[in-house]
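Here the structure comes first, spelled out in structure tokens, and everything after it is commentary.
First chain written, first letter: the chains are A, B, C and D, and each begins at residue 1.
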Amino acid sequence: MFEPQIMSFLCKWCTSAAADLAGTSRLHYAPNPVNLRVMCSSRVDPQHILYAFKEGADGVFIGGCHPGDCHYVEGNYKTLRRVTLFKRMLDDLGIDSRRLRLEWISAAEGKKYAQVMDEFTEQIRGLGPLQLNENALMKEEEKDE
Amino acid sequence: MRVKLKAGPEVRKFIERVEELSGENVYACYQCGRCSAGCPVASEMDVLPNQVIRLVQMGLAEDVLHSKTLFLCASCFTCQSRCPKGIDMARVMEAVRHLLDPKGADAFGPGEIPPDLANELPQQVMVALCRKFSK
Amino acid sequence: MKVHYYPGCTLKEKTTALDVSTREAMKCLDIELVEPEGWTCCGAEYPLTEEKIVGLAAPLRVLRQVREENGDFVITTCSFCYAVLKRANKAIKDDPLKHKRVNAYLRDDIKINALTKEKTTGFEDYNGEVRVLHLLEYLRDHVGYQKIRSRLKRPFGGLPIAAYYGCRLLRPAKDMDLGEPDDPRLFEEFLEAVGATPVDYPFKQECCGSYLSVSLPDAATEASYRVLRSARSNGAAAITVTCPLCFYNMDRRQDKIKEAFLDFPGLPVLFFTQILAWALGVEKTVLGLNQHAVPADDLFRDAPAPEVTL
Amino acid sequence: MKGQKKTKRIGVFVCHCGVNIAGVVDVEKVAKTLTDYPGVAFSTNYIYVCSDPGQQMIIDTIKEKKLDGIIVAACSPTLHEKTFQEAARLAGLNPYQIEIANIREQDSWVHVDKDKATKKAVKIIKAHVEKAVRNESLEPIKVEVHRRALVIGGGISGIQAALDIADHGYEVLLVEKNPSIGGKMIQLSETFPTLDCSQCIMTPKMVEASRHPRIKLLTYHEVESVSGFVGNFKVRIKKKPRYVDAVLCNLCAECEKVCPQIVPDEFNMGLSFRKAIYMPFPQAVPGTYTLDAEHCLGLNPVRCGKCKDVCEKKAISYEMQETIFEEEVGAIVVATGYDLYSMQALGEYGGEKIPDVINGLEFERILSASGPTAGIIRRPSDGKVPKSVVFVQCSGSRDTEKHNPYCSKICCMYTAKHAMLYKHRVPDGQAIVFYIDVRTGGKAFDEFYQRTIEEDKVLYIRGKVSKIFKDGDKVVVWGVDTLTGKKVEVEADMVVLAMAMVKAEGVGDLLRKLKIQTDIHGWLAEAHPKLRPVESLNAGFYLAGCAHGPKDIPEAVAQASAAAAKVGDLFAQKELSHEPTVVPVDEDKCSGCAICITMCPYQARTLDTERGVVVVNEILCEGCGACAAACPSGAAQQRNQTDDQIFSMVTAMMKG
């Protein structure tokens, strides 16, 4: 069975805390996502996402606080705007935008976190391994330089 | 008799149709009653304007569709201009009228204009009345 | 100067006083009124449900015709016509779906016309280009009160007159855009410009009963009574209207109001254009005063009005 | 990726946590795998790393193996990060060189497949090694604190905040734009739900503020501008000329008697008159007359000069000038209060044109024993005692369409109080309250409301009033009772509108000068709606009272005290210490595009227009990193979470 690699960026205040809660509640979920804790979901640069795909991620997950709950007031709104725009670009780059998922998961939602991880892993499993069009990606990287 | 509140697809469809036809969010109404307070003909109505929208919220289609109120509203928009939620009651009234049985009787058809008035009524009255209150 | 003018059906039939006085007054201001060719009824009621799009075709056909005649705007006096034309015009500007569907109707209409009139002009979508102006608005923004003041032959000498807006001129405010619906100024400014004194009274924007005078006469009688009584008790010598239906309810049916409310002594009802025409020097005989049920002759005295400082 | 410093020596400590981790993750295998990973100088596993022997092992190993960074692979960093940082400090290692790899909550506890969990642990630890080799040693940012506070606004909130801060032992400047402190509360008659007289409880506070040795009262002053940052603000304050020497004035009132200029009295909401030289109210603090230049005949002895001639103390001088001076403070409490929404906006309620339709504050003055009617309820038009009074709640509130969408919160209670006090004074009168909902959440509030109905027989009608108009000497109110479905009409003698509370008039300009954030209604925005309710987003600014949104007196006082306590927190430190994991600017890379400035909610970033680069006030930066993600050139890099670090962690996690 195909085991997708999932790169997960979690905000320190809400979603990472939810992941901890899932742990203390001993909820079992797919082991595929590997978590990188950032101070705020708005720290995640589209470049980080693209880089993760390039390094072998089949899916990228971003977890932030619910609207209105951001520790930094409005960071999650910035994330939402970025992700919405970036999803459009992903499709253009030949990466199915469903491979990128943004969710608001609060520190109390351990159960939701576990469910979303399972769901997302299954979804990516269904999409199959990411076939990167290296040329498209290279052009994108050149643009960044 | 106790009224049984239902939430099935039929009820939802009625509410959605009213919202669709009127372009108004009937759930925006918090029942302050200001539409009824300022309505020039509310005293003649069996169901007050705020009650019309309340009955729609509750999905009690029959009570609304059988109310005299639908044919008393003169679309003067006084309620609209003072509604704290910006709901255009006249549109809600018209949407509900629209949902009446199309084969049913006209509340007011051209034949009902009193003959003695026909010669003196402004044209706009006859056109407006028939547009509003007949099929 | 030629200006497009949409009189609407009532003005051509039952309420010619409004039409005639409008024309006479405009003549005094060197404005010639042109009616769009082949105009039809506006429909009297703006369709309030999203699905009655066909109701937009009649008013927009008229406006499209104005555009075809190279008109930038059209003026109306009847509040009902004004509301329907203005709202229909806004609707197709705001809503692409309505725009598409109404233009489909209009296109068919032109095809039929082409068959009968053997005229084959290409059809261009109507996009709401023509502005719809009420005569009050036109006087304020295009003619200017300054010009009206300079042409006054018989300034009203401060006669206290109550301006009555009724329903359609002001509401819904987001479509009509003639000022705060509960604190309007437009009509009062006009009265000041012709040398009358506008009377402030709390019923200027309340409903006169509208077409309920046919289907529920008692309710309309009471509604009109409240307006007339409020105007009178605040010192008005007359009340002035823009709408033939308001006129019908308050003037033609005033005998019924007096029957029902014995404390009401009566109040003349005037069209604002009669006031304007008279002030600009038009003779009383052409103002259509014979159409009034409540005698209003006395308000128009030929004796020179007292000097008014402007 | 570039810039890997492989010279660092990293130690890895994998914790068993009993069987919590070791039961699922093969800890020995993990530790062994890590031994060969680039940068790792030492790798081991231990049963309880957080235990005393475990910590001692870390300390010893750091010294022995000369480690300059360590990874503790154990439970969530929220539990023991501080513990291990402290251990590292004891071993002489900078705490910012410690990384916690969470292999318990986010691995062993949530997975059952041992092989997969072990592989995942390896990835997580490798990623943290990558981060650790790139970590900088950091020291908390320190800045000196000017332990002196500015309080803007001399209402109950400002007075309370000033008193509390002064009682903490710090000096306070209390700036009030009006001639006296007291604000809105001193205008009130009696306060709900206890009905104690507002002046009786307010006046002692005002006097206390004026006598406090550490409070410098600056009435008739306005804040002109603020620069600097938390702990180090420079404030320019304008002193408006009073034309009366407050020290010399002995309140003989001779000047007032001779002044020919009559002006509507603001304190009585225009229901009575004062002179151009006046004392706002008898208990005013400071107790002095003030000459209102706007209404004076011209500050000119040739034109008038009567007040100056009659003043025996020679306290009056027409030559006084406006002056501006600068003060240094470390914290600013904003307590600028509220105003009532203008009745002009409600044309359907007469738009201020009906004399007997008044707002709630006007009714407070009519109720007040020191008010224009000496506490006898008389209506403004003819002084008659009204026999029927209608109270209209939610006037301009809860209206998303034309007015204010929010609930003004206090009107339900003060309307109940108004109706009750009216019935106490006019027992044979009729009081009718039109309401939509009655909201009485508060200590002893609902009991008060119930008493109004049960004992004082006030009629509550559920429905919003549509129209109010004058008819003869009556005021007619058109409403509806939605409970019975009856359209109702009341011929009242007087109507009191519970007007919405809105931001204080003219406060927008001040807030712009302070560069302090507000919500869309102009109320001050708090740093966090739940967790930091009395702090502004802008460090060093604190919120008190109704400037932050509608609230009643106890809430305003509580918030003022909380703000003062927060100021105390700040001043308890000689130096401010701030997390150093902020986002500075690499000036070589910065193009001055200023995108990061728009990202920052804390105004920590500004554009140096001369040099064309962004400069960062590290004290204000909270380290969210939103700017770093937005920076197109990579000039904004978060300390110890640089793009380089994130990239290398991603590589380790995906390929490790």
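In this text, a residue touches a chain if its C-beta (ideal position, glycine included) is under 8 Å from a C-beta of that chain, and two chains touch if they have at least 3 such contacts.
These numbers were taken from a predicted model, which means no experiment stands behind them.
Comparing mean CA positions across the assembly, the chain most remote from chain D is C.
Looking at which of C-D and B-D shares more C-beta pairs in contact, the answer is the pair B-D. Averaging C-alpha coordinates per chain places the centre of chain C 53 Å away from that of chain D.
Each chain gets a centre from the mean of its Cα atoms; for chain B and chain D, those two points are 47 Å apart. Rounded to whole angstrom units, the spacing between the C-alpha centres of chain A and chain D is 35.
Between the CA-based centres of chain B and chain C the separation comes to 27 Å, rounded to the whole angstrom. Touching two or more other chains at once are residues 43, 78, 82 of chain B. Shown for chain D are the residues in touch with two or more other chains, namely 348, 467.
Chain contacts: chain A has no residue touching two or more partner chains.
Counting only pairs that meet the touch rule, the chains in contact are A-D, B-C, B-D, C-D. The touching residues of chain A, when paired with chain D in their complex, are 5, 7, 17, 19-24, 26-29, 31, 34-40, 42-45, 47-48, 51-52, 55-57, 68, 71-75, 78, 82, 114.
Per the touch definition, chain B reaches chain D in the complex via residues 30-39, 42-43, 48, 50-51, 78, 82-86.
Touching chain C in their complex are the following residues of chain B: 20-23, 40-41, 43-44, 71-72, 74-78, 80-82, 88, 90-91, 93-95, 98, 107-108, 112-114, 117, 120-125, 127-129, 131-133. The touching residues of chain C, when paired with chain D in their complex, are 180-183, 200, 202-203, 230, 233. Residues 346-348, 350-351, 353, 467, 469-472 of chain D are the ones touching chain C in the complex.
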